[in-house]
Structure formats: structure tokens, C-alpha cells
Amino acid sequence: MIYRESGQFKTSYRADQAIFPIPQDRYALFALLAFAFIAVPLGANDYWLGSILIPFLILSLAALGLNILTGYCGQLSLGSAAFMAVGAYAAYNFQLRLPELPLLLDFLLAGLVAAAVGIVFGVPSLRIKGFYLAVATLAAQFFIEWALTKFGWFSNHSASGVISPQPMTILGYTLTTQADKYLLVLGIVSVLALLAKNLVRSATGRAWMAVRDMDVAAEVIGIRILHTKLLAFAVSSFYCGVAGALWAFAYLGTVDAQAFDLNRSFQILFMVIIGGVGSILGSFLGAAFIVLLPILLNLLGHLFGGAVRQDVLSNLELITFGALIIFFLIVEPHGLARLWQITKEKLRLWPFPH
Amino acid sequence: MTATSRNIGSTLLDVRNITLRFGGVKALTDISLAVREHEICSIIGPNGAGKSSMLNVINGVYHPQEGQITYRGVPRRRMKAHEAARQGIARTFQNIALFKGMSVLDNLMTGRNLMMKTSFIQQALRWGAAEREELEHREKVERIIDFLEIQSVRKTPVGRLPYGLQKRVELGRALAAEPSLLLLDEPMAGMNLEEKEDMCRFVLDVNDEFGTTIVLIEHDMGVVMDISDHVVVLDYGKKIGDGAPGEVRNNPEVIAAYLGTSH
Amino acid sequence: MELIFFFEVLVGGLLAGIMYSLVALGFVLIYKASGVFNFAQGAMVFFAALAFVSFQSWGWPFPLALLAALATMIVVALATERVVLRKLVNQPPITLFMATIGLTFVLEGLAQLIFGTDVHRLELGIPDDPLEIQGMLISTFDLIAAGVAALLVVALGVFFQYTRVGRALRAVADDHQAALSIGIPLQHIWAIVWAVAGFVALVAGLLWGARLGVQFALTLVALKALPVLILGGFTSVPGAIVGGLIIGASEKLAEVYVGPFVGGGIENWFAYVLALGFLLVRPEGLFGERHIDRV
Amino acid sequence: DGEQFIPMTSYRVGPYAAGGTGVFGGFIDYINLINARDGGVGGVKLTYSECETEYKTDRAVECYERLKGEGPSGASMFNFVATGPVYALLERSVTDKIPLVSIGYGRADAADGRVFPYVFPLMTTYWSQNTAKIRFIGSREGGMDKLKGKKIVNLYHDSAYGKETLPILEAQAKKYGFSLVSIPVPAPGNEQQAQWLQIRRERPDWVILRGWGIMNPTAIQQAARVGFPRDHMVGVWWAGAEEDVIPAGDAAKGYIAAGLNPAGDQFPAVQQIKELLYKTGKGNMNDPARVGSIYYNRGIVHGVLNVEAIKVAQDKFGHRPLSGEEVRWGLEHLNLTHERLKELGVDGLLPPMKTSCLDHEGQAPVIFSQWDGRKWNVISEHVDTDQALVRPLVEESAAKYAAEKGIKPRDCSQEM
Amino acid sequence: MSATESPASTPLLAVNNIEVIYDHVILVLKGVSLAVPEGGIVALLGANGAGKTTTLKAVSNLLGAERGDVTKGAIHFRGERVDQLTPAELVRRGVVQVMEGRHCFAHLSIEENLLTGAYTQALSRSELRDALERVYHYFPRLKERRASQAGYTSGGEQQMCAIGRAIMARPAMILLDEPSMGLAPQIVEQIFEIVKDLNVRERISFLLAEQNTMVALRYADFGYILENGRVVMEGSAQALGSNEDVKEFYLGLASEGRKSFRDARSYRRRKRWLA
């Protein structure tokens, strides 16, 4: 029994309510954070930082946002990319029009703007449920995409509709290298993930889950459904908004509204479902799966380079990607996070089978 | 102990001339009943008589077309379920309505949500007041867990629990809200004798210790006759009997419609 | 003149709407029968049409190509049931939804792997000369498509409401486990439904393919079907038609009469916003089944 | 000796796969032809490796990062054949010193090489091309002065791409006195009933189709349905390939599109590809019948310009693998005359052009082709673009970008 | 009593030492064996969570849908192994389960619910009518509500509907999970009368999981008591009914007679028969 819970007694409810009540988990997390904050920027090259880790972290954040809404509050949404777009354009405009604001405040405000827009599109959720709501959130997706392209003001009238934010400067220090940007993204994502974790295990999180699991019962014990759902929309959109701002500022440097199209919304939804609906960890696992898998498949494909035609290879990659999604759902319909949890439970019992 | 020896007070809940229709179906027709403070009132009746509907009307899940409900002296016709909760009405459901994806502990903690006052931002930071509050309520909930003897399943997702335990958890969730009026919809269905006895004990203790008024729907006549102070009988949405258990048991109309001769 | 133009837009919109209904029908079918929101419907439309034109381009005569395409869709249905659905019985709807997204990738990849990425012309021999009625131009092609759609709707409606299998399908949608417990062979049922949905996809693929050519973008017609779906109700066959008519007509009228004031290009989101507004009044769509939550 | 690496950020699945397989097929065939026929450029063998982008910007960025260091001297230059990545990599390419070549797409103002040293919107930008379209229409009407009082509808894809030419069209409408009606088509454009009914009501003389993907055949078909003459529709070059007209069937007969390049396999280079590659089964196209199609030939154009840039640079820096910075010099000193094109066996496949430090575009003229139901036929002389109109706009936009980003423009007179 | 056969003669259903695991980790049944003779009524008794439902689902093969697995043991119906059959195939062979918690098809009307029960039978129109009438004869209340959507009927009505639906499949054996739950007392009696009636007249065998031990033992021939996933006691209904432990813990018949629920002051600790 390498990994065990038995024999570790908690003597106070406070200890029992710590994020990771089991010390092994805590140590593992500290080790992981130390690795991510210190070892990675020192060791990884620009390719890993700039094209794998940064987008992975940003999309994890967006997935986290959607997971709050869909996983915790049970409101299926296909419009998360639109809220990313709102965040990106808002941050751009704050930076452009109020240059004296510090960068992090721009991001915060961008998140708040996204949250406000999220609330507007969340109002119908009081009456509309399930897939009906999902399709209805497409209204947000298409409307916001259209509005951002249509009204030049949002993109400062650039002919191409593309926005290019200024370099990021924090306290006079300009972030230029990929490592700088990575650290910024990692910092923001870590803090927001911690806040999300706190939130979902507090009264607010319980209210969300209650509404998700059985809204009638939730109302009967005094939870205000509309208020709870709108809060979920707001928080979720906030996270997506910040993710969108980071996408524009820290990852690509320039974006247009099409960077946040329907496909992006779906991509984020995949992450949530594959990773684990209603799991913070799952958002990260899902993002890793969806971001890394196609790249991995592409690299694997290169091993066959020459032997197989490139278009065959590309299509095979797509097929494998789809098949793996199905495979993982069959293995564990509740996502990678649950798979991880079961593995831990088994470890706990190891070497006994049950 | 008999009913009179406890200090049953004045009328807490007064239901007047309630009529509830679903399209063509009349679930409740002109029903009136009164529940006094601290008493245990049972509603019985054949299947489909409208018992559950009655509870749904009392706590605002259904909105009757006619009639008026006076609770603690405040009359009203419609109200939202969460408003009812705010006024101290809690309940359990016939088909268990727990939050399946959450642990037992979380289910119970949710029952206390109404009393948690910190803002979501404080909760996100989990700082000072938010953490103190969380711990305070946790202690209260642990007391209920002890009371209901469900310590061992505290962290188990409720979906995995056997039926009987789920019923107990549901009672716990209702109790967590520290209600003054507790509505129980068939809390003992699907239990064996021993478990029913336990459940009766819980109900009686709640009633005794916290002075909670209880409205109970139950099909086990043994339980109903033993523990209630007052029994209301419904049939086809109409009230056909109302009174002390002894009276109701001997009411010929009730015997014909519900109890049957075998009893 | 203005009035004629108005009617022209209206009729054009109604007919366009029916084309959306055709795709929406496939969604309804599967949703009604298994509670699955089949995201792969668009990919199926593409797959069916591509299979058909490819068979034709291999020199097979029209009827043979049609039969072969139908057979292909049935094989796809059977394989989907066996490899995906069977393993996911009784799982939450969102999981099944996700699985159909996985299926989408597989189908898209498979289609292009087998039949290539070339675009094709699809010739059904249906005339596309505009009819001029009272100064209005009306497309004969659209009229014929509308007829086909109406036929499909009637057939499917009867099937669901009055046959043993139809009833079983609705039962399955309500509760997988209970359906199993009384001996409804979920696997056969699903195979049948997916095969029928494959057939509907083929019909939609042929008609849309004749309009747009057969190419990858055919998968996108599914997006046009979604507002129709929620307006008509996920579970209603007639709803798909009525929803299509409403969406088609109003989005065209909006584009022509409202568009110019806000810069145009509003058709897409307008359909969704309209459907959304409608849902606020009737959350289950026009003819959808009401969500039952009793306590 | 050695190897010169060219990254192939292709897209062979997804909605634009038809275009992607064509362009990259032609591109790769041309590279292989150079290796097979000439043993590379100046004795340096050309290598490439493909990376699937699915036409998605983030995947393209990943491919860029993955491939930029490959080969003995790193990537020579990137051709994304998609606008998104060009924008996204604008700054990184400067840091990495790797040119981004965007032939017939991408940022129009990047033609100003002083502000955008590493971006090459070669041949013709959207803005330039648009002026050629109006000139073509003018010539069809019998002179630019005849445009006065005419009505032109600009049917555009409602996206950043579609909107990009609105200002330049408006400027020309003012200049020539025609009236302009711009009508957006929401993406993806598979529904255009409303738009074409509007067009029928407007009764324009010409329709400019700034389309994309499925929008193109739909537009052509709808035109037929409302009886608008197809030979009065002029498409952009993303609306001018076989893939855009075949789905529309007979309706497309007579439809005209601007072209970077004509279709056809009569060019010596293409013939050699057939001979050297396809006869031996080494051709890249799955369907050899598409050799000589518009997209395929555009791939050859990519090949020619890439290889020529390497050659020009080698002439200066020596016959060895070159860095991106050195290739950039080559790109800035392209001079494709008729003679040179003839030597390369591609005369007529692309027009003469000449780049410089100031001008990263090269000001190639535009040709116009018409679809006869089976193939594209060239129907115009080379139509020159209106640089007097475009260049000031380019410089203005570039200056604005430079100011925003704090870039100090290069002084071209100091460069050689 | 009609129990002419003893459980020893070749049983209709034989469950042999099965083990069930949920989610690959939760071991619920730890070796359960039982037999149901042709024409018998066998009761499965036990506290909440003992594993009654799991046993029934293992027999009807519905565990797969809950990510449960039978990892050991065998199940025979009419002498054939049936653990690999699909639920539908089992129904065709005559085994139908009435699930705990009713599980009516909420959006179908009561009558449509009943009709789906006959899915495997492929009956003619008039046969269907007769089958329906038979159910309505047993449950007149259902006839009144025949056109209502099942989702909107009361708990008891749904229970009737679920049982009626199973009868429509003309089974040889019904697995009945807590039929009395939520039913008014006289309906409980009625349902058990119906069970008896079906058993005597149509020779349908029953395996019923039931909490209401009193009634169950009155109608059953044979009983098993399950605790914690194991069979801890078995015997004929009379034998069980007269067992002192059973009397005390399951029937509430202590030596001094039935106690009032109000007087069960101290919580009784259940005596466990843990192996």
C-alpha cells in the first residue's frame, strides 16, 4: 500500500476540509508546482513553452470556466469561445483606450466584461434546459462573433478586423520571451484554479451542484435558482474571458473574431467532457488530451512518413482522434479525472483486489 | 407519552379551500386543514389521492388555482419554493430527490446554504469569515450526521448509497435547515421493520427535541396510528377524514376508501 | 412590386426552411428514439452524399449508386451501434453527445480517406429553372425538395405514433434501463433508428448536395438545422417541418428588411436568437415533449 | 552540398482540404522536380516535411515552432496558405528571422517592406487585385470612363477577410463614379436566397464575388436562379478554382474570376513533373487528373517563387544551406522577367514581377479566366494593378502599425 | 399453499455462488446462491443495502448498464446458463424484472407503457386488447388513468403500471423488486393477491425482493435472508416466519407481542449473522 489514507487521522474539521486532505497529494502538488514554476521555464525550449504549454494552460483555464458552468452547475453551453472573444477584445480595448491601467487590471476588467455579457446570455437558462439551452447558447456564439466583426470600433477599425495588442508590460518589465509569457500564464491560471477550487467546495459550489443534480429540490431547500445559475454564467464567462485575453496577449499576439469560432467552443467542451464533468483537475487533463493528442498523432504519423501518403496520414490522424475520444468515453464515461480517481482508489487498496 | 402531554400550540399552518388542477385532472378539491405547532400530522389516503400534491402546495412547488395558505399568521396564495424554505419549511420527497453527484456531507451542508452569509468572493478566497462560517456549519452538520448515524458514509456520493440510507440522508438535509415545519413524504417507504422503527425514532426525537412541527405522509398504518397526533385522510383529492388517530381509524368512510376491512 | 418582392422573399424563405427541416429530421429521429443528441448528423449527411457521388463517379448507374449509398449508411449505422452505443447504454446524455462528436471525426476522416477530398457535382436530374408565378420567381427544385420532405415527415410520423417499434423507440428515449428490463432489444432498436437516420441523411445529402455540390462544407448544413430543431422541439417530427418554415421565412425576411439597418449578415444569429426568444415562451419548443420533473 | 529545408504547413483534412491538397500537392511536386531534374538548387538538395494544420491558426503556430529549427540551417520560409498564422506569427518571425511568404493572401500593408521586413505578400495583395478587377470591368464596359453611373454589387463573405476590400472599393467608386452596393453573406455562406433576391432588386451591372469556400458555388447557383448573367460576375481568386465552380454545374458557365495563375498543364515545368514524377509514381496528387488545375498550379507558383528566392540568395551567399535571413534577401531581390520564367518553364503560369526592400509585393499583374463548363480559359491580357491608388494606402496602414508597435522602419536606401 | 414442489427438484432459476462488483472496485455480492422452483414464489429478504436489488439485476442482466459485473458464479434458467444473454433475450425466454423505483416511461401514456411491455410478444391487435383488459382487470385504477402520461401519475399508479407492464410480457418468471413500496395498504394486499393469482392460474414463478417481511412471508413459499451480500439464512416461509430472530428483527413480533412505534425507545442494535 503505497498510497494510503488509512492510518492518517484528521483531528479537526479544518484539516478535513483542506484542499488535499491526504499528505501525499499535497506533496505531489507542491512538487508539481515547483516543477512548473522553476524547472519548466529553465528546461523547456521555446517550442514547448510557446506552442504547447501556453496554449495548454490557456485552454485549461477556458475549460475550467466551462466546467464551472456545465460540470458544476449543469448548464450545457456551446458559446464559451464567444466569451473568450469578449475577453480578448475587451482587454485589447482597455489597453488601447486606457493605457495607464496596469496589464493585470486590463485582464481583470476583461474578465468582468465577459462576465457581464455572460449574465445577459445566461438569463434564458432559467426556463431553458439541457440541449435546448445548449443550442440556445449558440445564439451567443454567433451574435458575438458577428458583432465583433461588424462594428469596427471593437478592433480599432483595423482593415482586416484583426487586433494586435501591445507587448505586455508588468511594473515596467516587458515580457518578451516565451518563458516570461509562460510564467505569467501559469501564475494567472494557478491562482484562478485555486479560487475555482475554493469556490466549488464552498456554499456557492454546493448551490451550483444542487441546481445541477435536482433543481426542484434545490429550490425547496431555499436556493434561488436564477441567482445561482447567473452566478455560474458570470464566473464561467469571467474565466473564459480571461482565457481569451491571454490567448490574444500571451499566446498569439494577434487574433480576430474567427479565432473564437464555434470550433473553439466545441474544443473547450470536448476538454470538459473528456477530462471530467465537474472536476477542476479534469479541466486540465481534458485540455492536455485535446491539445496534445493531435500533435502526438501528427508526430507519430511522421514515423510512417514516406510509407503512407500524407493525406491518408492526415485522415488517419483525424479518425484516430475521434476513435480515442470514443474509446475513453467507453472506458470511463465520467472522464479522465474519474479514471485517475479510480486508479488512486485501487492504489489505496493495493495489493488487495477489493 | 400522549399527544396532550406535549405542549402543542396554536395553529401554525392553516390551509383553506385549496383547489389544484392539472389540465383536466383535479388533484385537490377544496381542501382545508390546520396543523398546530409541535404536532405530528399525518396525511393518508389511497394512491393518487393528492397527498404529495398537498405537500407541494404547502411549500410552493405547486401553485393552487384556488384557496389560501396561512403560515405563522401570514396568508398567501402563491409563493416560490425558496421563499417557503426561508420561512422555515423543509421537506423530503417521495422519490428521493437528493443531489446525486454530491457526497452525503455536501448534501447536508447544502441544507444549510440559506444560513451562510458570506459572499462568493470571500468564499473563493476562503479567507477569514468564509472559512469560519464553513467550519461552524460543518460542526452543526456533523451533529446531524451523528444523530442519524451516518458517520461512516459521510464522504460517499449519495448515488451509491442503498435506498434506506438515502432516505435518512434526505431527512438529514431537511433537518440541516433547522426548519420549524418539516414535511415528510413517505419517509419509511421501502424500509424494513427495524429501519422503520429507527426512522420513527428520528422523527419523534426531532419533534421532541427541536419542537419541530411535522407533516407526514405514510402508508404504514402502524406507524401513522402510533406516532401522529392528528390524521387527515384524502381520497380522490377530497378530504374524507380529519381527527385524532382513533377517530379516523373508526370512520366508516375512511375504512371503505383506504384502510379496508382487513385492517 | 414591393409586395411581390416581399412574397418572393417569404416563399423563398419557406422553401429554404424546408431544406433545413430535412436535416433537422435526422436529429429528431435519433433524439426521439434514444435521447441522444447526434452531433454526427452533419457528418452523416456529408458521408452519404459523398458515397453516392463517388459510386456514380465509378461509373455505377444511378439506382445502383443509390442502393449502394444506402447500404453504406446502414453499415455505418450498424457499426455505430456495435462499437459505440452498445457500450454506452444508460450513460448520461452528455456522454453520448460527446461520443457522437468523436464519431463525427471518425466519419469525416473516413469519408475523405475512402472517397478523397475532391469536390463533386451532384446531378439528380431535377430541373432548377425558376417558375415565374405572378411575377415571383420560385424554384422548382425547392418545390420538389419540399415535397420529398413532406413525404418523409408523414411516413416517420406514422411510424412513431402507431407502430410497435415506434412506441418502443419512444420508450427507449425515456429510460434505457427500463426498456431493457421489459425486453426491448436496445441494440436492434438503435441499429434500426440509426439506419433510418442514415437514410434521412442520404436524402438530405442528395438534395443539399445537388444545391451546394458535394464537399466538406456539407457538414455545416447541420448548423442550419439546430435552430429549427429547438423551435420545433427535439422530439417532434412535425415540429421539424413547422420549425423549418418559421426559421426559413423569418431569417430571410430579417436579412432583407432588418439587415440593412445593422450592416447585414444577420441571418445566422437571427435564427438562433429567434429560436431562443421562442423558447422563453415555450421551453420545449413548439411540439416538443414537456420536460417532466415531478417531486 | 547539404540540404535546404522548406516546411510544408499543409491542410489535408477539414473544410479546406480540397484547396490544401491541390496547393501543397503542386508545391511539393515542384520541389521534387527540382531535386529530380536539377539535383536541388545549386547542388543543395531541397528537403521538406509536412505538418497538418487543419487550417487552424493554433495548429499552424505549433507547426511553425516545431519546424522552424529543422534542417541544417533552419526553415527557409513558411507558406501557410492561410491568413490567420501570418498575423499570429508576424512578430515571432522577426525575432526568429524567418520569412513568411503569403502569395495572394495575408496582410496587404505588409507590402511595405520597411515596416514588415519578414513578410512577403508576393505577387498581388487583395487590395491590388481589387483595383485590377475594376480595371477589368472597365475594359469590358469599353473604358474606365464608362463606369460612371454603373452599379456594382460587392457580395462579400461576412468576416474580416471579406470586409478587407471595402475601403478600396469605396475609394474606386468615388474615383470612377460607379455606385457600389455591398452585401454581406454570413459564414459559411451556404444560404444566399435573401442576398440574391436583393441583388435581383438592385439590378446591378456587375457583381463582385468576394467569396470563400462553399459560398462560391452557392452564389453562382443562386445567380442562375434569379437570372443574373454569370459573365457579369467576377470572383476573387479564392473563388476562381475548379472546386468553386464544379459543384454549381451548368450554372457556372460563363463565370469569371481573377487569377494569380491560369489553369492548364501545357507549361513545360508541369509537363516535366508529369514525366519525371507521375510516370514513376512519385507524384504527390492522389488524383493525377487534378495536375494542372488552378490550385495545383498555384502550388507550382509557390514552388517557383520559393526556389527562385533560394537561388537568388545562393547567388549572393554561396551554394550552401541558407538561413532564413539569407533567404529573405533572396525574396527581396526577386526579378522574374519573361526570359527567366521561360527558363524555368513557367512562362504564362505566373506573370513577371520584381520585388525590392520597399516593395515586398512585386506588383504582378492579374489575369482573368472564364469557366466554360469544363475548364478555365484565360480571357484577358495581364491587367495591371492601380498602384497609384493602393500604395499610399499601404504605406499609411503600415505606418500606423509601426507607430502602434513602436517599430522604426528600415531605411531602404541603406540596403543593397 | 400451492407449493407442491420442494426447492430441491430441478429449479427454474438457479443462482450459483455469484459475486458482483460495481465500478471495478465496490464488491457488493460475495457469493450468493439461490434457487426458484418452477411455479414457486421465493422471497428475498434483507435490510437496505443487503444486495437484493443487485441480485435481481444480476439475474436479469441489467447490471451492465450500471457498470456492475458478475465476476464469479453462474446463473441457470431452465438448466441453461443465461449470464451472457442480453436482457431482451432473457425476456423472450420468460424472465422479466419489475425494477425498484418503478421506472415507467414518463412521456408515454399509461396504456402505451403497458403496450411496450408486450414488445417481445408480437401480438395481434385483439390479443393485445385482451392482454390489456387482463391488466386493467387487476388494476382498475390504471384503466381510469390510461390516457395520462405516466410521468404525471402518482407513485402508486406508477407502481401498478410497472407491474402491469411486466405482466404484458407473459413471462414465466417475474423478478419483483419491492412491489409494495409506496402503495396503500389495501393495494399491497391486492398486489400480493395478484401475485398469488398469477402464480396459481398462470404458473408464473416469482422471485421477489421485499422489505415488508410480514406480507412477503405470508405469500411466499420459500425465503432467503441476505445480509451484506451474503445469504445468511434460508428456509421455507413457515420456518422463517417462526424463527425467533426473524420474528424479532423482521416482523417486530417480540415475545410480548407487537410494540408501538412510539415505544421503541432505545435504538435496537441489529444482530448480524456475519460469516
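Every chain is named by a letter (A, B, C, D and E) in the order it is written, and numbering of its residues begins at 1.
The rule is simple: a residue touches a chain if its C-beta (ideal position, glycine included) is under 8 Å from a C-beta of that chain, and two chains touch if they have at least 3 such contacts.
Model, not experiment: these values are computed from the prediction.
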item	value
Required minimum of steps from chain B to chain D, each step between chains that touch	2
Chain located farthest away, centre of chain E as origin (C-alpha)	D
Of A-E and A-B, pair with higher C-beta contact tally	A-B
Distance between chain centroids, defined by C-alpha means - chain B, chain E (Å)	29
Rounded Å distance, chain C centre to chain D centre (Cα mean)	37
Cα-centroid distance, chain B relative to chain C, in whole angstrom	47
Overlap residues in chain C, where contacts from two or more other chains coincide	108-109, 112, 117, 263, 265-266, 268-269, 294-295
Multi-chain contact sites of chain A, meaning residues that touch two or more partners	146, 150, 216-217, 220, 311, 315, 317-318
Sites on chain E at which at least two other chains make contact	26, 152
Residues of chain C that touch chain A when the two form their complex	31, 37, 83-84, 87-88, 91-95, 97-99, 101-110, 112-113, 117, 223, 226-227, 229-230, 234, 262-263, 265-266, 268-269, 272-273, 275-276, 279-280, 283-285, 288, 291, 293, 295
Residue ranges of chain B in contact with chain E within the complex	1, 22, 25, 45-49, 52, 94-95, 149, 160-165, 186, 189-198, 200-201, 204, 219-223, 226-227, 258-260, 262-263
Residue ranges of chain D touching chain A (in the complex, touch as defined)	10, 12-13, 17, 21, 49-52, 56-59, 61-62, 64-66, 69, 83-84, 87-88, 90-92, 107-109, 158-161, 163-164, 167, 186, 284, 286, 397, 401, 404-405
Partner chain E, residues of chain C touching it in the complex	89-90, 164, 167-168, 170-171, 173-188, 235, 289, 292, 294
Residues of chain E that touch chain B when the two form their complex	22, 26, 45-50, 100-101, 141, 145, 148, 152-157, 159-160, 178, 181-189, 211-214, 249-252, 258, 260-262, 264-265, 267-268, 270
